[in-house]
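After this come two complexes, each holding subunit A, first together with subunit B and then together with subunit C.
Moving on to the complex of A and B:
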């Protein structure tokens, strides 16, 4: 079985080779006084179309069109290749026409979101293994509810058995909002534990005023806080993994549409002899 | 101690289906039912389980993953005791993503349709499709100025049709030529020259070609698709000129390697591979006959410095080095020479005639001055000017052949018609008709003055004369002088010509007393500043004395007769006036070029051009190579223009006696490529093709936008 490093090296070599060959063809066309924009434009459009087909491929899993992993590899490396083509197509200039600038903006949006998607799909799974347990995204609301219910039971017990006011007060002010749903989205995204420790510190601050029974309950609440925080961490990262496609895919179709319009305008207005 | 949330045992972990379109409405609250909505998003929830009947008892069938058997168990009628509250199912993430995608797509499509098809949105549409700002020189143009597809009535739907069908809605390069029409009929051909001319140049270069190493990339280009040309060898303007790249874009920007795609000689750079100069920059002789070598000596004799910039100054555009005017340069030594050595131009002369013989043969010509009547003291022949003017006589067809007959008799010799005793009747009749032609000419000039001159010249040479030319040709001839001559030489000329024209005899009086006899004449001495005068001694003639350098009369006649050098009469005047010792001494310094012009080429004749001026800026002449002197002057003129050490002054003079300007001997050594290559390298003063070479070749004015 081919290793990840070997696969990367192989694919990068293919891309570099393709870029060199493409560059040579491009240069020959350019030196032959041909409009290189046609060759770079058509190649770019056809590759973008092929990349967009990946989404269709995922919807048709029964079709014998190579496995999804192969498609993904093609998607990633061909995507990088389009950036080279794009730079040649715009001739390393910032487009100054409205349609062209819109196209460039859309392309950069798609390419940029693709890069972001690649980076997060490479880094987030590793991150997820460092915190908490393996969690299925769709079940997170269930686990949140369970934690919330567990918290409510502990607080009720504290009130019944020890009449603990600090715990009740902390529950009302801080724990109830924290357990109501996913929290601290941006803090988790930047890998910060600051909100978690802030909450645990608040709980710990009450320790010296608590009876041993209350302290035992508080310890259990602290465990729940840690579990909930880990759950939020999983939620945030898995949500990012799922929601980045909300940018990448819609922009792709807009890009293809504008590319078609661009092609029509080019062929309608190109000077012929 | 942390709590374990996720369990993956088969009986504790329900199977998740994230690909389903709908999700239970309670899922967000952490209480999804295990049934989940149907594919159309309808809640199917009823009870937590469907109890199983074994015998007459009902048992709970709730799966372990949902909590296992309930304590209460089914109701007696077999109904589950835990009904599930119905929910409003929500769409899955995947479906939401699909909806967002479709909305964005529809929005994009709608925006495009609105922009392309919306009425009253033309300005928006044009602003939207404009692929970039035009260069400043084209900024005043609208889309339709260059693109046929943008013409009014060509709706956006037509663009789609044109794009799909490749129907060539725009032969857009023709639009360019609406403004750039001056590029000529071959504008779209290579270098704007006819195919045949370029083929000849290519063949010539191939013959000269030496073996050189072609750069690898340029060799590979030969394997490519080639330059896009149509079957007539034409290229579209946009092949090289790329618009819509901003106001400051350079439309003439061109990679050196792209230039070489078409060229036979392919090389790496100016320094490395560019052909050596063969005869640069001297491709023709100087227009003014000026020997730099001999003048070095003359200046030395007078102890004067012979400095280049004393006579030459850079042109305003810095491109050319101009020669200063005669007055600023040559006049100090040569003006006096020209004025002192002036000779007169004999414009109109009464030829000597054997009147007695004419009268004896009953061919009277009326009054003819006694001095012009076979008097040995008197000389006179028909001048070439008179012949040219007589060719504009309305009766010229009747006596055109007579000129040849009389020429044989000696009409153009000073005493040619002195004795006509041996002439036969036919020859004498020819003399008679010529004599009347002379009389009509004098009559015409005396009665109609300059207008008569213009009419006769126009009839004689062909095309109409413009005013400036006509004025020069008259030399401001005084009509009073003509009338005075007529009064003195032939007082009854008016009546005679009128009678002759009326078909009558023409002779009014034979009274000898009326005939003019010459007296002492000092008029010649009185016109020292130049101009017209009448001479009554030695010959009866109207003469013109040149006024000095750049005499307009001489220039006018040399220009006119040079232009029509192919005709006999014009050639004779030109030859007389262009002799190096002729009046005015014009051609002592001003060289004569033979050239084929369009006017005379049809007749297969050459014309002659006197080069009145040294080379001047010709902004409309675009040659393959150009040079801008101004930035190079810091190196000193003689860096490039060094005089020859072994120069043959006689040979230099001899070549100017001929009329081919391309055969010459230069005072200066040729310029070697190495001289330029000292500075013109890629890292120093640049060495791009377009630094020295033009693409569009020919004589044309640059296009200018005509404002409204």
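Moving on to the complex of A and C:
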């Protein structure tokens, strides 16, 4: 079985080789005084088309057309290769026409979102493994509701058994909003536990106004806060992993459409240049 | 709503063309003639078993009856004629093996739009068309494989003849193990094929048949098993017979381990370990080589106040050989007792404790027999090939060091090993492992599974975790598939390549397999008609249930869709039967 490191080295070697070969072809085209933009443009478009086909391949998992991981490897490395092609195609200049600028913006958007996707798909899974329970994204609201119900039961108990004002006040002001839904999106994304500790500290600070019975309930509430925070952590990270594609894919289709338009325009006006 | 009759046991007899006259004829033959009909309960009389669980098959000269390597769900009784057993194996090309039927390219592609929107939709017309399905197996209409050059095969291979009145295939049928030899008809032969449910029923009620099968096991399967063991391969037939005569076979644990497994799972690790029967204990004298015939055994070593698992053994593996060899090497010429030397060169007792995990059928070949047939008479030049001799045992300074040595050899961490053995995931041949450090939780695997199964996912991306690995709730296609025990119709069975699959057409929804599966990997579902409505029992209006599970995408072109759909190489179907090599390779890639 090929190791992941070996696979990475192999793919980099292939992409470097392809870049060198591409550079050679490009130079030969330049020397023969042909329009290099055509070869770089068509190559770029065809590779982008092949990259976009990955989404179609995902819809056909039962077809024997190589594993999805092989496609992804191609997607990643060919994606990097397109950046080199793109630079050659725009001749290392900032496009100035409206259509060309839009195209360049779209390409950079797709490329950039792809890089972000690669980075998060390599880093976030490790984060998810190290904190909280493994949970299926679609089931998170169910667990949130259960936690909220458990909290309400605890607070009701505190009110019935101890007439606890501190817990009631904390519930109304801080716990109710916290348990209402996913919270602290950005804090979780930057790996900060500040909101969690702030809430726990607040709860602990109220301990001085509580009886031992109330403190026992407060300890259970603290455990719920920790669980809820872990659940939010999973929600935030899984949401990022899922929703980045909602940027990458629409941009890809827009890019392909604009590329087609660009091609039509080029061929429409080629005779007059 | 649509209603159909609730499926019943024996709704689908093995052969619908079996007649009462056939049953009477079988009952007139020995050993059926000698069986006491009163020993059988009214619900499953002998006549009923013969009528519903058997079929008479007629073979021409050279017809292959069973093939080596196939998984047997039935045994055979020779009614007339004779058959030949190939003892040294036929080449695969001669066995005429066929790939299981897979969807063609266009049928596979059509799943994209032909899958139903409602879950668990079934074509109920298949349920009433069993005779049509079975008809392909009827005499003269099936694709029977035959040997073209029978005399040539007889010349080139070591074969044994079996005559009328003999049974064969019963060990494979009852032990849920592969056929160990190919059997073909010699001339015209008439055989009674008994599916394993029927054989089990008869064996349970008839003492003579039980003794007969046990004796056959000693005579046939034991020799075969010993012959397959590397250390005995150099022995002649006579020597092998002598080894077999001296070999003790014992069963540790409970065949029905899966019934107690679920309750045991809630107990502490120490309690669970204590309930595993000890086959051989650390520190004891090695009385013999212990060969695992079937089931699994845990190798553990004392650590603190408990035992630490260091490995496990499955079918074909053995224990005690290293210690016996080590001691034999240390023994001085002409002396009968080991001589104690400096550390590392001392005779050693058993290094680990061997326990049955669930159950284990073991063969114990006594130490003197090993010394006589495998090692002696020449110490410098033992009879066993030198390559098979293990290196001397180096006694570790501490248990910790020893465990680390073993774990380093396995290239797997201790927690992982404990999880796999404790939960008996070692039973799997296609255990779904997920590397959570690479899994983006995209659920592409789940969607791929659903698309390949008419919109119904056959696994849940959830399960026990150790470190960054998860064992997902997906059928593991066990080496010891306990789910197959008790299926009244044989709907759950092994395919050619070992996949455990359910024939939806013959499943009666009794839940036996789902209840037996210790891993909760078989699910009962309420089925719907093509119109999306639930299908009901016409008598009770209760929904008709079917058992469902992962089938490793047996009918798909590319193999398991889940593994192929994972973009990040995070999911793998791992075979645990190779001593964790596949798992270690994958983990350490």
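Here, the second predicted complex is superposed on the first by the 270 of 273 C-alpha atoms of A that agree within 3 Å, B and C clash if a C-alpha of one lies under 4 Å from a C-alpha of the other, contacts with A are read in each partner's own complex, and residues count from 1 in each chain.
Criterion: contacts are C-beta pairs under 8 Å (C-beta built on N, C-alpha and C of every residue); 3 or more make two chains touch, one makes a residue touch a chain.
Model, not experiment: these values are computed from the prediction.
Using the contact criterion defined above for the overlaid structures, shared-chain residue A:30 touches subunit B, although it does not reach subunit C.
Look at A:212: by the touch rule set out above, it reaches neither subunit B nor subunit C.
In the superposition on chain A, A:136 makes contact with both subunit B and subunit C. For subunit A, the partner with contacts to more residues, out of subunit B and subunit C, is B. After overlaying the two complexes on the shared chain, residue contacts for A:242 are found with subunit B and with subunit C alike. Applying the stated contact rule after C-alpha superposition, one finds that A:150 touches subunit B and leaves subunit C untouched.
In the superposed model, A:100 makes contact with subunit B only, not with subunit C. By the document's definition of touching, of the two partners only subunit C reaches A:124; subunit B does not.
Subunit A residues in contact with subunit B (one complex) as well as with subunit C (other complex) are 134, 136-137, 242. Subunit A meets subunit B in the complex at residues 24, 27-35, 93, 95-100, 132-139, 141-148, 150, 223-224, 226-227, 230-231, 242-243, 245-246, 249-251, 253-254, 257-258, 261, 263-273.
On the subunit A side of its complex with subunit C, the touching residues are 1-4, 58-65, 67-69, 71-72, 121, 124-126, 128-129, 134, 136-137, 238, 241-242. The part of subunit C that touches subunit A in the complex is made up of residues 103, 108-109, 111-112, 436-444, 447-448, 451-452, 461-462, 465, 468, 470, 553, 556-558, 561, 563-570, 585-586, 588-589. Remark: subunit B residues 1-6, 16, 18, 23, 27-32, 93, 96-97, 100-101, 103-105, 108-109, 112, 116, 127-133, 147, 149-150, 158-160, 162-164, 166, 168-173, 188, 217-218, 220-221, 223-228, 230, 234-240, 244-246, 255, 257-258, 261-262 touch subunit A in the complex.
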